[in-house]
Structures are given as C-alpha cells and as structure tokens.
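In structure tokens below, several structures.
Below are two complexes that have subunit A in common, paired first with subunit B and then with subunit C.
And then the complex of A and B:
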C-alpha cells in the first residue's frame, strides 16, 4: 500500500506545478489550467488526509465532490470572462491588461 | 360601561388613524366619513363611562358583571419588578377629560368635513387628527406616569404635524423672514415643538426622579398614580436627599410648556398657523389642557403624601409657584390679546390667559389645602372652568374658522360688516365671546365666579388660620384675576365689533366686486357651532351635577345642593368685583369699538402714554424677541463657534492628517504594484516557500 506521505508529496508537486504555470504563462487560458491544477492539488491533499486505516471518511469525500462541482462553475465563469476579455482587448496576454493597476 | 370602554375609547381612534391610509385607497368619501366615524365610536365608549362615575360602581353593561368601584383600575403588568405596566384608571378626572377630548374631538371632526373639504392632503390630516384624539385620551386615562408621558409626546407630535399642515402653500409669507407661507407654517410647527420640548424634558426628569426614589425606597418601584399616593417612602427619600422641591418644580415644567404658561407661552400664538379645526381642538380645547390635567392629577397625590410625612412646606411652595405663574400668565396674555390684529391670535392669547386662570385655581386649591387641609374648592373651580372654557373656546375657534373660510383672510381689520352675511355664525360667536368674558348667565360666568370665590375663600381661611402672607397673596392674586377679567371683556367686545359690526373693509368690498360673495357656513359647519353655543348657554346648569361627578370617591367633601350653589355664586362677596371689572373693561370697549364714539387710532395718536403701552403689548412684551435674540441667536452663535473651532479646527484637521499618512504610505508601496499577474504569482510562490521553510526549521 502506498503511504500517506506519497500522496502528500504528489499533492505538493501538483501545487508547485500549478504555481509555476501561473507565474510563467502569459496566456489567460493557460493560467486557468494552472488554477485548475492548484485546485486538484488541494483536493488530493484533502482526500489523502481523510483516509485512515478504517477507510475513507465519507464527509471529506462529500466535500471534495461538492468542491469539484463548484470548481467547474468557477472555471466556467473564468472562461466566460476570458472570452469577454478577448473581445475587449483583442489579446489574451495578461501583461497587456494593466487597466486594473492603480 | 361598555365592555373594555377605558381601553377602546383611545384604542379606536388610534386604530382609525392607522386605517386611514388604507381607507384612502378605497375612496375619498370612505376615508373622510370613516375617520369621523372612528372618532365618534371612540367618544361613545368614553361617554359610556359617565354613568359609572355617578353610581360609583363600574359595571359591564352586557354581562351585568360588577367590575369594581371608583377609582377603578384595569392594567396589564409587563415587568412587575420594575413597576412597568400598561393600565387605565377610571376616576372622575380621567373620565371627565376623556369625554372633553373625545366629545369635542368628534364634534370638530364633523366640522372638519366641511372646513377641510377638498384639501389634497386630507389623508395626512385625518391620520394625525385621529391619532391626536387617541393620544390625548390615552394621556388622561393612563394610570401611570410612563404611559401618560407616551400620550403626552403623541399629542406633541400631532400638534407639530398639524400646525405645519399647510407647509406646501406658495403664497407670500406673513412675516418677512421666510419665503413662502408654507415655510412659515412649518417653522411655526417647529417652534411649538421645540418650546414644549423644554418643558417635557423637565417633566421627564421629574418622573424619573420620582421613579428612582420609589426604586430605592421601596416597597416596589412604580409609576402608578394610586400606588404613589399609597406609598410615602419615596417622598421621605426625596426629602432626605433635598430633591423634593426641585423635583416637583420640574414636574410643573411639563404643564408650563404644554399649557403655554409663562415663560414658555411664546409658542401658542404661532401655533395658529395650522388649520382652524386644529387650533380649536388641539390649541384651545384639549392638548393645552393636558398641563392643567397633570397638575390636577398630582395635586391630590402631593396633598395626601405630604400630610402623611408632615411636609406641608413642599405643598406650599408648589402651590404658590403654580398660582403665581398662572396669575401672571393670565394677566400677560390678556394684555397681548387686547391689541392683536389677527382674530385667531386674539383667541390664542385668550386661551393662554384662561389656562392661567385654571392654573391659578389649582394653585389656590393647593394653598387652601396647606392652610385648611382640603383642596376641594380650588380643585373644583379649576376643573369646572376647564370644562366651560373647552366648550366656549372651541365654539369661538370654530366660528372664527367659519369667518376665515368665508373671507379668506386672517386679519380682523380686513373683515367688518359680516353680521348681515353670516347671521348664524355671528350669533354663535357672540355667545362664545360673552361666555369667555364671563357675562351671566352663560357658562363662563359660573366657572369664573367659582375661581374668584375660591381665591376669596383662600384669603379668608388664611387670615383665620393666621397665615398673613398667604392672605395678602390671595388678595393680590384675586386682584390680578379681576383685572384680567376686565381685559377679557374688553378684547371680546373688540373682536366681535371689528369682525361683525364695523362697516365693511375695502378688502371685503373688493371681493364683492369680484363676485366672491361672503356666504354663511354650510350646515355641516354651523350645526356643531349651534350645539356648542347651546351648551355654553346652559352650561351653568350643569354645575351641581358636575360637583357630584367630580367628587365621587372623595372623602369628607360636602356637596352643595343646586340652589345653594346658585346663591353662593350670585351672592358671593366677589360678585361686586366682577361687576366692577365688567364696567372697567366693557365701557371703554363699548365707546372705542361698538359705538365708535372715539376712534381708537386717533386716541393712540393723541396719547403718547397709551401709544407706548400699545406697542409694548403689541410686541408681546418683547419676550418673544428676547428669546429669539438670546436663546435662538445665542444657540446659532454657539453652533457657529463649535463649527469653527471644534469641527474645522480639530475634527477636520485630524482627518486630513490621517488621510495624509495613509496616502504617503501607499505612495511608497506603489512601485510594487506592477499590474503584471506573473510577478504577483511569483510573490505568492515566494510566500509559500517562506511558510514551508518556517514550518520545517521554525
């Protein structure tokens, strides 16, 4: 059986990948994919920590399923915003969108 | 009584007030007649309590169940330990006042159907009018100070709202300080509200002081009138802490404000800016009597309590203050009334003056209580005058309303010659004016004579018991009262003569040419007038029954037979003074105004002395100007100083400094805000690494 630490390590790696993606990519859609990786890192962590020798805690599983559902909604919203941003600016490069800067 | 009468007699008008906006959705006729019906229904419940007072037993008419004897209390206790309760008290005074308020209220509502017909804001009018009637009856029928104070404030609010009722009027203002008449009306309402508030605060302090005393001294805290009368510990505690006299003087502050007594009398003349029906009900017949009612309510409590703890000096001080303020106000207002130009102002001054009489009678009652141990004489006199005044003053105001309605001017000197156009109004107003002046056999004569008689009795008793100072005071007060009676006759004749007898003014003639004829009031308006006039004529006949009524439940009061009362009044030593006063006031008034043998204007031209006095009276003894300059002006100056030195100097500066600090701080950090998402994410990453390192090695 694979130990808990492996899961946590996988989760940490996923998390770093997500952050790396967010830090280096300029395309908005790629950044959204990065966010999704980050979320899944959190899910994995959650599930891993809730697993004991007695089995899987159903409450944690429920939360994660709900979170996946909500995450899908969030992604949909983010993509729709991306679409509007593209129509507005004609580009998806985040460095060119500085209008929010004070 | 009808079931639950003491609750419903004020509950129904309040419910009616709340329903008025709903009824207005159905239709205007429904709203108007509905509002009137609610006030009449409330009055019927109030009236049903009268037989119970006469029999002394409170009986439910429907079930025949005997509920108790007078004084009868019905209450809902909310927090027993704190003495907070809601209750009604059925005793002669409360039933009497409730019927004055409810009965005149209903009558004036009927009159208002005609007077206010077609006004665009009638929903607001009916709402506040019914709310006022409910609040007023609540005030007088409450069994504790707290609930009474709630009613007290309700009527204050309604008074304010109804004085400024015509706040949208666009005509030019009668005084130059404001742009439109509506603005002026609103300011008048505010003046009334703020001036009475001064007294109300004093009253509230006194009520809470008494409550706090019962809280500390036991046996249990209470606001209840009957319990305050039974318990005396609170008074002992107040005496011990030296607060008793200040408390009861502050308690009198409420009546001084609400009943427009000196030094807070300045608001009532301005209150005449409201519709005449409002002036008649609120500022003549009922609300301004709330103060007289309160004094009547607390006086027996004080007499009882002070007798038990043997502290009659406090009673003496209280009564003397009440009597002196009453007498001075009566005189002060009468002098102003003699020179006023507007018909409603004359009536307002006479209201202040007559309430002064009532206060005077109450104070004398207390003083007699001090020297001879019983207050019945002055107590009865004040209450009887309250009744007759409520009737004839409502009559005078409603007649004045009919005149104003027909001529559309407030100035008496723009009227004249109305006798031929408005014969019914003329007769009714004439009866009212004579009753006000105290001409026999009208009701005003009997009540005023009783007051004079009470003063005479006070002086006699005081000498008998060896109180020379009170005796002299009694004679001085009597003298002032008689002089005031002379002035009352003077201004009554002046008012009637100028409005009805003098030749038509240019203004009336102009209106006639324009085709706007002066017309008699419609029946819905003159029928209430006729009812009130009839009551004024036969009012004196009620005196014996009224005495039986008022002293029900009192111990040790001898009730005089009708014939005895008649002889006592007619053959009293003061009758000669009254006749002298009639001569003193009536003869000059007849020559100046009725027969016009001497022209008043020319007379003033010739005699510089009288001209000075005239302008002194006309400017209201400069008291109003003094308040405007010193109190209002002083307050504005104070506010400006606070604005300049505190608001601008300290508060604003602090805010600017705060803003400066924050702005410079953020300027320094501005460079880190690149707006580039990738940099931000790198920062997040560095943060994560830092946390990890902390977790690993920290």
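And then the complex of A and C:
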C-alpha cells in the first residue's frame, strides 16, 4: 500500500470536484452526480484512515457499508424528484424553476 | 519504484479523471457512464485497501443499481432513439459491456464467499473458508463479518428500514390520483 497521504489527497480532490460540480452546474442530473462524487470522497476518506500499518478498523468499514445504503436511497429519491420536476417544468435547468406551486 | 506503487497511483489517477469526465461531459448518458466507471475504480481501490465487503457493496450499489437508475431516468426524459443510426460509440459500448460482464461475474463469486461467511453468525456454526483465499484476506473477512452481524446488527436493520422507506417514498411520488388519466 502506498502512503496514506496519497489517498487523503485523492479524497480531497474528489471532494473539490464534487463541490465545483454543485456550484457551477445548472442541470439537475449533473448536480446529483456532484452529490454522489461527494459521498464517494467521504467513503474513500473513511476507508483510507481506517487502514493503517498497525491494523484495520472494522467499525469504519461497517459505517461505510451503512452509508452506501443510505446514499443509494438519497440518490433514488433525488432522481425520482428530478423526473417529476422535468414532467412539470419541461426542463432540467434550475434557473427556470421559479414557481414552487404545483 | 515497485509495481504496486505504479498500480495504486494509476488507480487514483483514473479515479480523478473519471470524476472530472462525469462532471464535464456534455452528453448526460456519457457523464453517467463515466460516473459508473469512477465507482468501479473506487471499488478496486477499496479492495486494494483491504476492504473487500465495502468494495463488493460499492460495486453492486453505486456502479450497478444507481447507474441503472440514472439511465432509466434519462431514458424516460428523452424521446425514443430506436430509429437512429448505429454510431461508432455503440461498438465501444458493446466492448465495455463485455468487460463489465466479466468483472461482475468475478464479483459475484466474491459475494458468494462473503455471504457464506455471514451464515456462520446466523446459524452459530464455524465455517471454514475455501483455501484459495489468502490467509490475510480470510482474517479481514472474518473481522468485518463479525463487526457487521454481531456488533452493528441494529445499524444494518435501520439501513434496511431506510431503504424500504426510500422505496415507499418513490412509490408515493409516482402514485396516480383516483380517476387521473395519463
């Protein structure tokens, strides 16, 4: 295994990419992709920090397993909301969603 | 510079490249496929970091189910493309589909082994793992299986409940009012 710093740096870069996506993209699907990249960055951080030369921490792995399930639920719900928004407004551009009334 | 170093740095580089592609590609379908590749590379990284359970579940959920959901939503949003010409991307899609099938077959074997370990905590028997798994990996699998099925059973049940509620939420969002026509 290469040093821990490599993985922490990769996790930080992934987190920055996710934040950049959320801040600059206006397409709802792209924003959900950004959220998923953020979640993946957090998982990588957990796993990298729980893998040390002294030993492995199984608790962190279990947390990540639970988090993967919850993250999948979040993404599924967000995608179904996106589909409803598309049917209502006819677009995925967040700038054009001004009316909250259904 | 050992080969291990090169492989791990290459994995990290691919991870970041696919993440950037997922954000920057204009066509949403390609962006979603790139996201799936990123999740696959991340699963391999988890495996390298001695987290086989997490790797398998990440591959199943993020590289599998979530990507299928994304593609299903995209196909519901666009008009049918059945009449279009066969593009050069279709050949690439077929080849990458074949490669993905092989990876998933290998992963399925891994799932069978991990669920075999989980059984011993359900039935209370000690099960011996197949001898082709390295001893170090056997210990890791035992530790994580014990942590999941003995120490954190409540969390796993809560997770199952959260997924059930998410499924109910999606079903409720798409329900039809009585008498409503499409």
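Assorted remarks:
Here is the rule we go by: the second predicted complex is superposed on the first by the 97 of 102 C-alpha atoms of A that agree within 3 Å, B and C clash if a C-alpha of one lies under 4 Å from a C-alpha of the other, contacts with A are read in each partner's own complex, and residues count from 1 in each chain.
Assume a residue touches a chain if its C-beta (ideal position, glycine included) is under 8 Å from a C-beta of that chain, and two chains touch if they have at least 3 such contacts.
Fair warning: this is a prediction, and the values are worked out from it, not measured in the lab.
Superimposing the complexes on subunit A yields a three-chain arrangement in which subunit B and subunit C fit side by side. Contacts of A:84 after superposition: subunit C is touched, whereas subunit B is not reached.
Looking at the shared chain after the overlay, A:23 reaches subunit B, while subunit C stays out of its contact range.
In the superposed model, the angle subtended at the C-alpha centre of subunit A by the C-alpha centres of subunit B and subunit C comes to 110 degrees, rounded to the nearest 10. Of the two partner chains, subunit B is the only one that A:31 touches; subunit C does not reach it.
A count of residues in subunit A touched by subunit B and by subunit C gives the higher number to C.
Look at A:94: by the touch rule set out above, it reaches subunit B but stays clear of subunit C. Applying the stated contact rule after C-alpha superposition, one finds that A:54 touches neither subunit B nor subunit C.
Following the chain A superposition, subunit B and subunit C show a smallest Cα-Cα distance of 14 angstrom. Common to the subunit B and subunit C contact sets on subunit A are residues 20, 25. Residues 15, 19-20, 22-26, 31, 94-95, 97-98, 100-102 of subunit A touch subunit B in their complex.
Chain contact summary for the complex, subunit A toward subunit C: residues 1-2, 6-7, 10, 13-14, 17-18, 20-21, 25, 27, 29-30, 32-34, 36-37, 40, 43-44, 47-48, 50-51, 56, 58-59, 61-62, 64-66, 68-77, 79-84, 86, 92. By the touch criterion stated above, subunit C contacts subunit A in their complex at residues 4-5, 8-9, 12, 15-16, 19-20, 22-23, 28, 31-32, 35, 38-39, 42, 45-46, 48-51, 53-54, 57-58, 61-62, 65-66, 69-70, 73-74, 76-77, 140, 143-144, 146-148, 151-152, 155-156, 158-160, 162-163, 165-167, 169-170, 173-174.
Chain contact summary for the complex, subunit B toward subunit A: residues 670, 673-678, 681-682, 684-685, 688.
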